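One structure is given below, represented as structure tokens, and several questions about it will come after.
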Amino acid sequence: MKHLPLWRHELRRAGWTACAAPAAALAVTLALTATAAAFGTARPQLERFLLTGLEALIPLAAGMAAVAVVSRDPSRELQLTLPTPYTTTLGRRLAVLGGLTATLAIAFSAALAAGGWWTGPGLPYAPLVWAAPLLWLTGLALLVAALGRSVVLATTTVAAIWLGEQLFAATFATTPGLRPFFLFMTTRIGVPTDWDANRAALAASGALLTALALMLLRRPERLLTEEET
Amino acid sequence: MTTLRQTWAVTRYEFRMQIRKRSLWITTATLAVVLTFSQGDRGPRHLPPGTPPREVMASWALLMALLLPIGFGMVLADRLTRDRRLGLASLLESLPIGRGALVAGKYLGGLTSTAVPAALVLLIAAAGETAHRHDPALFAWAAVAFVLVTLPGLAFVAAFALVCPLLTTAPLFRALFVGYWFWGNMLNPDLFPSLTGTLLTPLGDYPATWLMGERALYAGADGWLQFLRPEPGGAAAVAAIALLLALSIPPLALASPLLRRRNLSA
Amino acid sequence: MDIQITGLRRTFGKVTALDGLDLTVPGGMYGLLGTNGAGKTTLMRVLAGVLPPTAGTVRVGGHDLATRTGRLAVQRRLGYLPQDLGLYPDLSAREFLDYVGLLKGLDDTAARRRQIGELLDMVGLADAAPRKLRGFSGGMRRRVGIAQALLGDPALVVVDEPTAGLDPEERIRFRTLLATIAAGRTVLLSTHIVEDVAQTCRDTAVMTRGRVVFNGPVADIVQRAEGVTWELVGQGPPPATGVVVSAVSRPDGTHYRLVSSARPDPRAVPVQPSLEEGYVALMHAGANG
């Protein structure tokens, strides 16, 4: 583990706010669920909301955090001159973020299952509830950030897609062309027969978007200039 | 008078800097186009001929309010924190301008600069509607809908978007803001305790309902905090607007000490 | 590690930052003088492998910087101090160097720590090593910058405007440091401060508008101002012709030193030029040419 010290450094570079975002998403989920319970909301609704924390809020927080991770680096020019490619460094920071998020999400899922609150697919497939939309939203956020060189554009795109899919959930659920990219299938529909296909489409296209973003970030001009500050 | 002049100066330049932001225009245009083409059968484009112009334009204002403020919130989220990042904080602290005037100017500049594209979107919608409804009154009602439905929500969003990142950080605020926008404006109160449908909904549900003459989204729907869900109408709309404007004041009042704390910290 | 540049062009959209630049840099300490906006930082970035050339060839130690493998080969033997070095404020000086060392591939922990200790000693920051960087003065930050550049014992060190904004004592200290590290390696010092080059480099290039207008011994720059440097004592504003290099107010009037190809005023007398006046003459000729 000769790279362990480097990973420790990258954990700090990813920043506490970025790393705290997924935890904050789950804290908000728990707080709202507790509030709802206090107001006598029925158990199925509460279970669905807990699942929403995983499927909707965790990917949203991770997408926003990913934009923050790739957008700000005071030593960027120096980083670009080092033999370690900067995309590798950014990849490590994103991996730290992804690792933390995954740990939290798995622990949260396990706690829900242990407490009898889990309503998602069978536990072996449970990670796909959050991992597939997370990959897709994060990939999109990174690509827009790399293309537009603007934090505002990237975060607004993520926010608009997220809200749009929530608002027009019925359209996404019933339109064949949109259904594979419906981020909230588990919480809005459940686990239908094409759930696996939906998760696979999201994960694969998310990985593609991330790869495209990292390819763009290999061009130093994209990193040395920020469109707007 | 000096404070007023200083506030005006900050407002003017904040407005100029913001209005020149490419992302503000791209965001507004993209969201407006997406909303226009994805509005569904209940959207203003599908209102039958002969629908009163006030109803048409209130419907447009409400439609745009679904997502446009999200973009504006993102744009404004770093306006108070970026001075330090750009190395301007010490310079601004050294100037004989009160922090209150600075905050007020940045708020008004930010608010007006986001209001301009929002108003333009409604005027373009009015122009489009006029083309097939042939009623020039649509423009007047676009202005009314903008003032009653759009602007109070923008005032509310601008205040929180400017100040909250001083407490958290811009990235964390942006994530929380999206979640809040859904929970506080669109999450059916019947399904889950939310602020949706209350007087505190910055979406402009109450004013839009008043203008449209029928429930726009959830205004007054039964749910959590029943005392904030009066029967929609003129008085309720005015109360909703007044409440949103009043709620914009506390964060702005907190901004000066928060900014001072941030700028003076090493 | 020698540098050979031929016909280098670098454009940003419609803006041409480097316009057919030719330059050969042998080993040792070499100066690169030029006004703000002359293209020095772009050249430094090209040499550091940050920006690929738009056209022309750049070979550093035989490696072609137009290729990714060439850039990587150079970066493995490069130390770079950018003009605006941003530091991670939450790290201490020691931690920052440790991080950069790891990214430079110094994987042996003991050796890396030993080298960091030596470099911190060398730049006079041993006592401040555990302190967070956010509290460092401009001079201290610059010294952290040169320490990170020297990590891994690079064969080429590129420093971009390292003394801008430093107080005189810190500047002298930094210059001495740069001269010290030049033994056995190539150090390219880019600056707009003539004095820095005069005190540390035997040879220099002078850039303006993306081109090299002078390449040779620093002392030769003075010759460019011989016969065109004037002194004038007057009461009013300076004459309209020529470039005023200095203006000192004294009881008998203001003493102007000017560079002008023609006598700027009947009262002006020719004087022996300084290095700075030579530089001004050179830039003036470059601008007019």
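Labels A, B and C are assigned to the chains in the order they are written; within every chain, residues are numbered from 1.
Keep in mind that, in the parts below, a residue touches a chain if its C-beta (ideal position, glycine included) is under 8 Å from a C-beta of that chain, and two chains touch if they have at least 3 such contacts.
Note that the structure is predicted; figures quoted are calculated from it, not measured.
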| item | value |
| --- | --- |
| Winner on C-beta contact pairs when A-B is weighed against A-C | A-B |
| Chain closest to the middle, measuring from C-alpha centroids that were averaged per chain | A |
| Farthest-lying chain, centroid of Cα atoms versus that of chain C | B |
| Length of the line joining the C-alpha centres of chain B and chain C, rounded to whole Å | 49 |
| Computed distance of Cα centres, chain B from chain A, in Å | 26 |
| Rounded Å distance between chain A and chain C, as computed from the means of their C-alpha atoms | 44 |
| Multi-partner residues of chain C (each touching 2 or more other chains) | none |
| Per-residue overlap in chain B, given as positions that touch at least 2 other chains | none |
| Residue ranges of chain B touching chain A (in the complex, touch as defined) | 21-24, 26-27, 30-31, 34, 38, 40, 66-67, 70-71, 74-75, 78, 82, 85-86, 168-172, 174-179, 181-183, 186, 191-193, 224 |
| Residues of chain A defined as touching chain B within the complex | 17-18, 20-21, 24-25, 28, 32, 35-36, 39, 41, 45, 49, 57, 60-61, 64-65, 67-68, 148, 150-153, 155-156, 158-160, 162-164, 166-168, 171, 227-229 |
| Touching residues on chain C, where the partner in the complex is chain A | 12, 45, 48-51, 72, 75-76, 78, 80, 82, 84-91, 95, 98-100, 102-105, 107, 109, 148 |
| Contact footprint of chain C on chain A as seen in their complex | 2-3, 5-6, 9, 12-13, 73-84, 89, 220-221, 224 |
